[in-house]
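Shared between the two complexes below is chain A, which pairs with chain B and chain C, respectively.
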Partner chain A sequence: MSWHVDASDIHRYQEAALDRVAAASLEAHLTDCGECRSLVVVDRDWLERSWSTIAELVEPSRPGVVERTLTRLGVPSHVARIVAVSPALRISFLLAVVLVMAFAAVASTSNPTDGTYRVFLIVAPLLPVAGVAFAYGRLVDPAYDLTLASPIDSFRLLLLRVVTVLAVSIPVGLVAWPMVPAPSAFGFTAWLLPALALTLVTLALSSRFEVWLAGSMVGGGWVAAMVIAVAEGYETFDTRAQIGYAVLALLAAVAVMVRRERYDREGTPR
Partner chain B sequence: MTDAELLAAIVDRQVDSLRELHERHAPWLAARLAHRAADPTLVEDALQETFVAVWRKAGDYRGEGEVAAWLWGIAIRKLIDRLRRDRVPRFERPSVVESAEESVLAGIGYGELGEVMARLSPELMAVVQARILDGLSTREAARLLGIPTGTVKTRLMRAKQIMREQLA
Partner chain C sequence: MTVMLTDVRKHYGSVHALDGVGFRLDNGITGLLGPNGAGKTTLLRCLATVLAPDAGRIDVLGFDPDRPDERTEIRRRIGYLPQEPGFYRNFTCFDFIDYLAILKEHVDRVERHAEVRRVLEITGLSDKSTTKIRKLSGGMRRRLALAQSLLGSPGFLILDEPTAGLDPELRFRFRELVTELSTDRVVLLSTHQTEDVAAICDRVIVLDGGRVSFDGTPAGLAQIAAGKVWLSDDRPASARIFWRTTSGQFRAVGTPPSGAELIEPTIEDGYVMLVGAAALEEDTEAA
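Entry: the complex of A and B
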């Protein structure tokens, strides 16, 4: 190459400040001269972004462990993808669940004599409710658009969400429970029925209210009821109470099935 | 690795080589496309489609001429495709690709031909750049410039006539 372009000319070209003929000449030269091409000013962030878009197009990211496992278990691939990108399976949500459980467990053990194990029993059922109510939706879920566009009807989508949330929060609760010095009568799973009942009630209410509102009402109602019950001296986790939770869960499940037509894509009222 | 070697590696599905090619050529291609279309989104899309096309069709490169010129040929056509889809032909200043005229232009810089071109009206210059320097067909040039093909033909004829007179 007999000549090279001034770096300053290239910069002026990039700012569209070069006259037409000089620009044409410079473009012709750039096509031939790698040395001068490398003088083009580049925004590294832009280059990164540009590349990541292209990379995703030419080599779509491989399905993760969760997605592949589900597919192997016979779950249809589009369902597996939705579950895999579910907010309930992201580290931040898992971390929140673990922290709340740990906090409740510690609060319960700090004074084992006066039944503060109830703190754990009261908090644990709230976690799946919070997961269903707050971990999804336009604002917090990066996969919101993908989920919206998926070929699944909204009701099944909502159920899928509930199952995923339960699948994540229940094992954490089961791991945390042995740390709580509760009377053995309450057993290992005293909070499971309340958790199921509260989640189903949230689901039922969300056929009428926004799901976050339904979750808030259920959570608030649960805490208020427990505080009152404890203050009045009622036992809230004995066999009779558990039967009550089971009935509540059943009623909520029936309500959900009856009103299943009323769920739209966001689990909000039509 | 030379650009041609990178293309050979891309044929063998080496993503890293595509990345290297992108790193080398995306900046100047983007700058040049920006001189053809005012909308940055169009430029970005055309650029991405260019490299996706390279990934799919790197084998089409015959080893003749600069890889850069080959890339530009893809990029400008992706941009034209975009313009057609959006139905809003926009351009600022058309300009350059592989042709006898181009090598002349690259050699002489601001010399004689440059002076001749500087005398063309902006409309004629745009057609000369699209047809001769960018190496586009009449139809492609018409799309890029947003004018009828007949107008491209007549303007190119007038431009050649003016340039011949100037060089004579």
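Entry: the complex of A and C
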């Protein structure tokens, strides 16, 4: 560097008294010249605060729609972030829920007189089960080990994700339900209670098996039971059956609460 | 700060992954060596409170992981780098560490972000904070995984194969970093790299078949092969393992023939004598 800035110019620069062209020229010089830079009086605290403010604007990604909405609804920002990371909020899952519900609703209306409405009633409860199966566990969560080793309550995290799954799949089911030509005696609980029962049974079984395996077992068992029941002529969604689903949901919920420690780490607790 | 294990056992079916493991760790770096399937990762997962052992007692920094409330206390005080840490590939480095900081109960946003910046700075990833993880090289991902383990300045660092896949320069930087960190905390470093153990560990534990087969200093491990390492012009018949050196001679470990030109053993030689040549070959393949 063969020339240096006059000290008075630096003073004027700091007083914001230089014109824009001169200031830009001086800044370009300061970038390369340590000697002149050392003449600039720096408020270290201000500089640190400024960098922090800039970093705060640049580094964290802008929260997504779900996170922003939850925060606006009063959910603490860190909880909103945990919910937003849930696999159930991935576009692929949302699309799958909408498509499957739509397919089931259309299939149910193909011949309203022969009981095809059961297609919807059998398929709809499976969606939250699938959502739960892909919400937690080694197979679906890349950071599973890191999550288990963190102080956050794993059971609470799992419940948050299950609630997220239900919050996504139940409204879609509620929208699709009016299209289904089910007997007038059947309310929306005809599929909602089985959905809750199967979801809770999946949760209860996942205290013993991996969540995806528990979901597969419940899904497979449900379909097999429904096929047999329909073939044998049993009505699986009438009031008596609904009471059965409610009792099953209750028992599964109790089992989940009793075994909640099992979600906190792998292996049998002692 | 101490970590204690007493007669810890864990089996998977008929396989005894841990078969009565016991030792005590104090401040400083302890290297954990062992062939594949020796139980290293199982042991580290038990210490990280991810896995419950079948029997035995573990005490981490004065807390019992079998008690749920104390387990949470342990999790607040440990840093864990798993062997295969998973990432949300579409996250930026900053967002990933930020999310894990949330899981580690760093609730205050301003303080949490400062902590995220601190660990990214330590691991040399500050300039990658807004880069998506899927765009990072394997070595950078390893550093990112290390960064998350440093959140909250843990008193006990559990590092499973931290240098796997790192190039030599990054390995040296890692050694420098872990050495700095180890002054006031317990560091347990599982590795296949005997050079790492020789370079930075005060102590080395060798796990073989779920049991501790050696517990001592790196020099002590090397001494197991004292008088059993030699140079030979011809292929050595009595060697457990041998290879041709750049000088054209064979370096052999095993039972030397009479009159053999004995040389100073290394940790690797001691390790071979302890666990057998087959294990070393497995390790070399794994590394």
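The rule is simple: the second predicted complex is superposed on the first by the 188 of 270 C-alpha atoms of A that agree within 3 Å, B and C clash if a C-alpha of one lies under 4 Å from a C-alpha of the other, contacts with A are read in each partner's own complex, and residues count from 1 in each chain.
Rule of thumb we're sticking to: contacts are C-beta pairs under 8 Å (C-beta built on N, C-alpha and C of every residue); 3 or more make two chains touch, one makes a residue touch a chain.
Everything numeric in this text was worked out from a predicted model, so none of it was measured.
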Classify the contacts of A:Ala28 with the two partner chains as first (chain B alone), second (chain C alone), both, or neither. first
So, A:His78: does it touch chain B (first), chain C (second), both, or neither? second
Now for A:Glu59: first (chain B), second (chain C), both, or neither, which partner does it touch? both
Where does A:Pro128 make contact in the superposed view: on chain B (first), on chain C (second), on both, or on neither? neither
Touching A:Trp3 in the superposition: chain B (first), chain C (second), both, neither? first
Between chain B (first) and chain C (second), which, if any, makes contact with A:Glu261: first, second, both or neither? second
Where on chain A do the contacts from chain B and from chain C line up? 55, 58-59
Given the complex, residues on chain B that touch chain A span 3, 15, 18-19, 22-28, 30-32, 34-35, 44, 47-48, 51-52, 55, 66, 68-69, 72, 92-93, 95-98, 102-103, 105-110, 114-115, 117-118, 122, 125, 129, 133
Mind listing the chain A positions that touch chain C in their complex? 52, 55-56, 58-61, 76-78, 81-82, 85, 141-153, 157, 261, 264-270
Can you list the residues on chain A that touch chain B in the complex? 2-3, 13-14, 16, 19-25, 27-32, 34, 37-38, 40-42, 47, 50-51, 53-55, 57-59
Residue ranges of chain C touching chain A (in the complex, touch as defined): 10, 45, 48-54, 65-66, 68, 71-72, 75-76, 78, 80, 82, 85-89, 91-92, 94-95, 98-100, 102-105, 107, 109, 112-114, 116-117, 129-130, 148
